[in-house]
Amino acid sequence: MVKVGIVGGTGYTGVELLRLLALHPEAEVVAITSRAESGRRVDDLFPNLRGHYELAFTEPDVQQLAACDLVFFATPHNVAMNLVPQLLAAGARVVDLSADYRIRDAALWSRWYGEPHASPELLAEAVYGLPEVNREKIAGARLVACPGCYPTSVQLGLIPLLARGLVDPDRLIASSASGVSGAGRQAKIDNLLSEASDSFKAYGVSGHRHLPEIEQGLSDVAGQSVQVTFVPHLLPIIRGIHSTLYAQLHGGDTEDLQALYQAWYANEPFVDVLPAGVFPQTRTVKGANRCQIAIAVPQQRDTVVVMTTIDNLVKGASGQALQNMNIMLGLPETMGLQQVGLLP
Amino acid sequence: MVKVGIVGGTGYTGVELLRLLALHPEAEVVAITSRAESGRRVDDLFPNLRGHYELAFTEPDVQQLAACDLVFFATPHNVAMNLVPQLLAAGARVVDLSADYRIRDAALWSRWYGEPHASPELLAEAVYGLPEVNREKIAGARLVACPGCYPTSVQLGLIPLLARGLVDPDRLIASSASGVSGAGRQAKIDNLLSEASDSFKAYGVSGHRHLPEIEQGLSDVAGQSVQVTFVPHLLPIIRGIHSTLYAQLHGGDTEDLQALYQAWYANEPFVDVLPAGVFPQTRTVKGANRCQIAIAVPQQRDTVVVMTTIDNLVKGASGQALQNMNIMLGLPETMGLQQVGLLP
Amino acid sequence: MVKVGIVGGTGYTGVELLRLLALHPEAEVVAITSRAESGRRVDDLFPNLRGHYELAFTEPDVQQLAACDLVFFATPHNVAMNLVPQLLAAGARVVDLSADYRIRDAALWSRWYGEPHASPELLAEAVYGLPEVNREKIAGARLVACPGCYPTSVQLGLIPLLARGLVDPDRLIASSASGVSGAGRQAKIDNLLSEASDSFKAYGVSGHRHLPEIEQGLSDVAGQSVQVTFVPHLLPIIRGIHSTLYAQLHGGDTEDLQALYQAWYANEPFVDVLPAGVFPQTRTVKGANRCQIAIAVPQQRDTVVVMTTIDNLVKGASGQALQNMNIMLGLPETMGLQQVGLLP
Amino acid sequence: MVKVGIVGGTGYTGVELLRLLALHPEAEVVAITSRAESGRRVDDLFPNLRGHYELAFTEPDVQQLAACDLVFFATPHNVAMNLVPQLLAAGARVVDLSADYRIRDAALWSRWYGEPHASPELLAEAVYGLPEVNREKIAGARLVACPGCYPTSVQLGLIPLLARGLVDPDRLIASSASGVSGAGRQAKIDNLLSEASDSFKAYGVSGHRHLPEIEQGLSDVAGQSVQVTFVPHLLPIIRGIHSTLYAQLHGGDTEDLQALYQAWYANEPFVDVLPAGVFPQTRTVKGANRCQIAIAVPQQRDTVVVMTTIDNLVKGASGQALQNMNIMLGLPETMGLQQVGLLP
């Protein structure tokens, strides 16, 4: 039985880790920290967990966490980068769900997050935890930076096109839409039901923090720098990201692209290329660690459209974090991640 | 490995059975029937099932079904009562999720369903599949009538009060609210998103088909006939039933009632009495086979209020059906039913 | 042209007053106050108002407000009771949308609001602004206390039964459900879309602040004290209140009750008794200053069920406030209040 | 008082015409037809209209309709093109909300709608009813083809860029999202709340019927043929269209584009260019005849992003139809169309 610690368990990625780990046959949560809720039972804060956990939140304690086989950071950015160095020094292995170790370039990170990076010396070591790209590196890593939700949905959709050099890397467009849970469990007027439901809007158009992460990942795949126009939108639902990706084809036809995608992801347990003509819906991946993808070339012109869906809290966060854990600890990659999407 | 058949798998209780059975370690679905969709893969109709099933819908076939260890009917009423006699004769055991065998009195059934009952001779044998009441009878049953969604939520809430004779049995009120999936996967204008979302209404006020089932079950528990004013409402959500139950106390105080409920359901794996002062939400049981219950006596007057929540497709239908299957086949009652509610 | 001031315009009742007043042919908003947003244009905060107002929020100023023909308080409780005395002294007339002047008994008010009342000397003078009950008194009032949203929906539903003495006044049940906008435009985790959408729950079961207001109003009508079990619920929608009211009939039959209700409200412009067998929906009154009512006696037993719907921000708040203003200023009562419900 | 007839009043554009016309001071609805609902009162089908109309649906009658000053067709495609010739011959003027007269090329129309056009001789005469482009022609027209909802949102967003020749006309992308009411009031499983809510998906990717209409309108403006990749998406809300439009700039900077858009639409009563940095939301135009627009050039690169919102049933259908009526009949263009968006 693997011992797991969670730093910062009061947010949505925290409760989602607990939901998934409750059914993981080889992992046991032994510590979950929260300064604000220290002493409170987790199932008091999250009544869906009643009967599944006896745990209470505790103050973070390096020794206790270092005794775990793996520690998840389900914190806002700026927490992990201050605490992870001590944990690694104490022998722990870490999966960080926050943004702290996703960008390799400390200066770039600082520009987007508005502060210096607290442990830049770890950026080169941290492995970007997209298993479909970095599976081997993840297996041996001490520190994995779990990808952002939007970046997961955008990268999985564009990787085959860019890896094969089929599209113009300077004219990529990612029109993405996310459920509100992506904004976290924070008291903000903008995310009230009365403000965010029954509506749809773009936001962060001039520049969203996931943009440099997307461009870094896609540049790696393309072998050259890429430019993405990334426009996130807010959906009046809790869970789900849908990315509609547009690229200019150098050439090629529909059938080949469908075959390319199916072959590319044939052995990936959590990427599901849909049959030609079927388009993904966020509801079919709700609660599941899965990315569904469709590809189309409307009117046989030269703009290719790729559509992807994930549950932002699962394949976009906590499910992917568990997938990374499984790989790091030598467990079967799909263990505890077989939940079927909740449809309807 | 237990072999399972499903008659009528294209509705919401059908896909929900498939979702739950996909994770059941001892059951395998070997047949799923649909006249309308015969030949079509189930994961083509329900893409959340991709990767979990290779099955296609088939025409119902008595021999094939009878070879199963257990057959579920996930059909509208009026199907099971015509086909079950043949299946029982052929040696099958059946869990019927429809209303066909829930009412013991064939005349009463006919009055509410507007047609004669096709196999009234089985009504005495059919066991009402509420495990919290009939666990032993279910274990030995050939035919189990799985309770309706509203009746499950109302009965579990009122049973302790009525069994103890604490309230007036002639003045019971059940103000219930259900998500739209309870209306099934049928093309009706009233259930369009444009009609049913962003709204709330009562319906079936003069008499809903679940009323006689509720009164039958509660009368059994009370040991005398009861009268319930049952007003169902339509919630603008997909899943979830919340029942707010009102009864006139003969006497008693809050603390005793809380203790009574906790004791009554102490050993029930799927009934969760919340701490005093905590009220149930449909979201904390979404996707889970669970009924959460709270009890209160506002202003220390003599009206007691009981609140219950279930997921109408799980504890209100397919989850409860699996619970019955587990009991009938001697499997651990909770097997395959440990999913945590999907919160947020 | 009537000059109107609004104190506290940054909440939902404030923006709703502005929406309705934009189309009122005889009223002009000349001042709208907010300490927090002073200097900001109202259409910057609420872009739906662009093109309709050039106003900016200002600090509250007694002289400026007193120069208005009428001042609305669209504030949380505890603001009006401190400022209204000065405004009245300066010659203003006031419609207070908050709870400060709704309860005649200062001690009772203090018990529910947890603080002493700041201007108890005005409680006897303040007129409870339910036009269907107090139209004449409102016409001559200096200070009108606009009813709460739940109390409006409950009282309009029960008044005919209680006025005629047809039901047991000690066994009234109000099972009400409100959209989230009733909780106001405040940053609270409980009202986030991720918390409150896709769910339903009861709250305030042990005692909601609208209970004493409901019981005071109904006792006036009944001519004796009444007891109401009031259970509010939270709907995953923005606007709308549905109250399902249960009472024990002394006797009487369905047809009479339908006729009674139609006759009772025959001349009320904003109360609409639906035809027998038609039940109200919150969506048909969305955005409209209207209460729709249905009455039924299920199974011809002795429990009567009354269902009412209002838009909590219109007939439950800002629309009713305008209705009061029209009456106070001698304008046609329906002026500026003819909007049709936004369906679908 | 202008006499108005409506052909096909049982759909969402029909009830929306009635909602808006109820407040129009110079128009009176004298006939509303429906074969299916003939004899039924309109306020029985749509209870939000109670108190506003005494009308009942009737069988379509050419003479009665021809006696109207203006006839709206709120029908599916394929109705108007068969009936309009008789009405025009009888002297009526027509605003057709359906697709029948939107495409000038009968062969192109047939290709997309799968049948021959029934009155191609009228296509040259029909005026495309986008007042921001064709105001003068509309004034004198006998037959106006009211634009589709998506085409309205896309054209208003791209017109200034294309008219000025600032972007590549062959690389336009329209990523649009619509509420479900755009699919009409038809009993289809795909549009059930249980199917369409709590989800998001693209559809019609290979080719949506609004594509040729969009390309025709934009080609007119550009003075050359344009190519649009148009991907519509389904939002889990009732009303609202948000279009996110992407184009490749030949050159130019943010400030100029903001100024261009503000100047271009300065005199348009129903097009509202938002201040720089403010992005439109569907909720701020809900129920209002308004298009809100924002423009941005993310990261100062060469892709321009334009965002537009409309209420698909108002500026995308019935409100625009009234705007056309006002223009045709010499009434003030804004008459009856001043409703403020319903926020929250």
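The first chain written gets the first letter, and so on, giving A, B, C and D; residue counts start at 1 in each chain.
Here is the rule we use: a residue touches a chain if its C-beta (ideal position, glycine included) is under 8 Å from a C-beta of that chain, and two chains touch if they have at least 3 such contacts.
Nothing here was measured: the structure is a model prediction, and the numbers come from that model.
At the interface between chain A and chain D, over half of the residue numbers involved are used by both copies, so each side presents largely the same positions.
When the C-beta pairs in contact are tallied for C-D and for B-C, the bigger tally goes to B-C.
Distance from the chain C centre to the chain D centre is 36 Å, each centre being the mean of its Cα atoms. Look at where the CA atoms of chain B average out and do the same for chain C: the two points lie 39 Å apart. Within chain C, contacts with two or more other chains are made by residues 12, 181, 185, 194-195, 198, 236-238, 280-281, 283, 286, 344. Residues of chain A that touch chain B in their complex: 12, 15, 18-19, 22-23, 46-52, 181, 185, 198, 238-239, 272, 274, 278, 280-281, 283-288, 292, 338-344. Within the complex formed with chain D, the residues of chain B that make contact are 12, 179-181, 183, 185-189, 191-198, 236-238.
Across the complex, chain A meets chain D through its residues 171, 173, 175, 177, 194-195, 198-203, 205-207, 211, 227, 229-231, 233, 235-238, 240, 242, 244, 246, 248, 277, 279-283, 286, 294, 296, 298-299, 301, 303, 305, 307, 309, 344.
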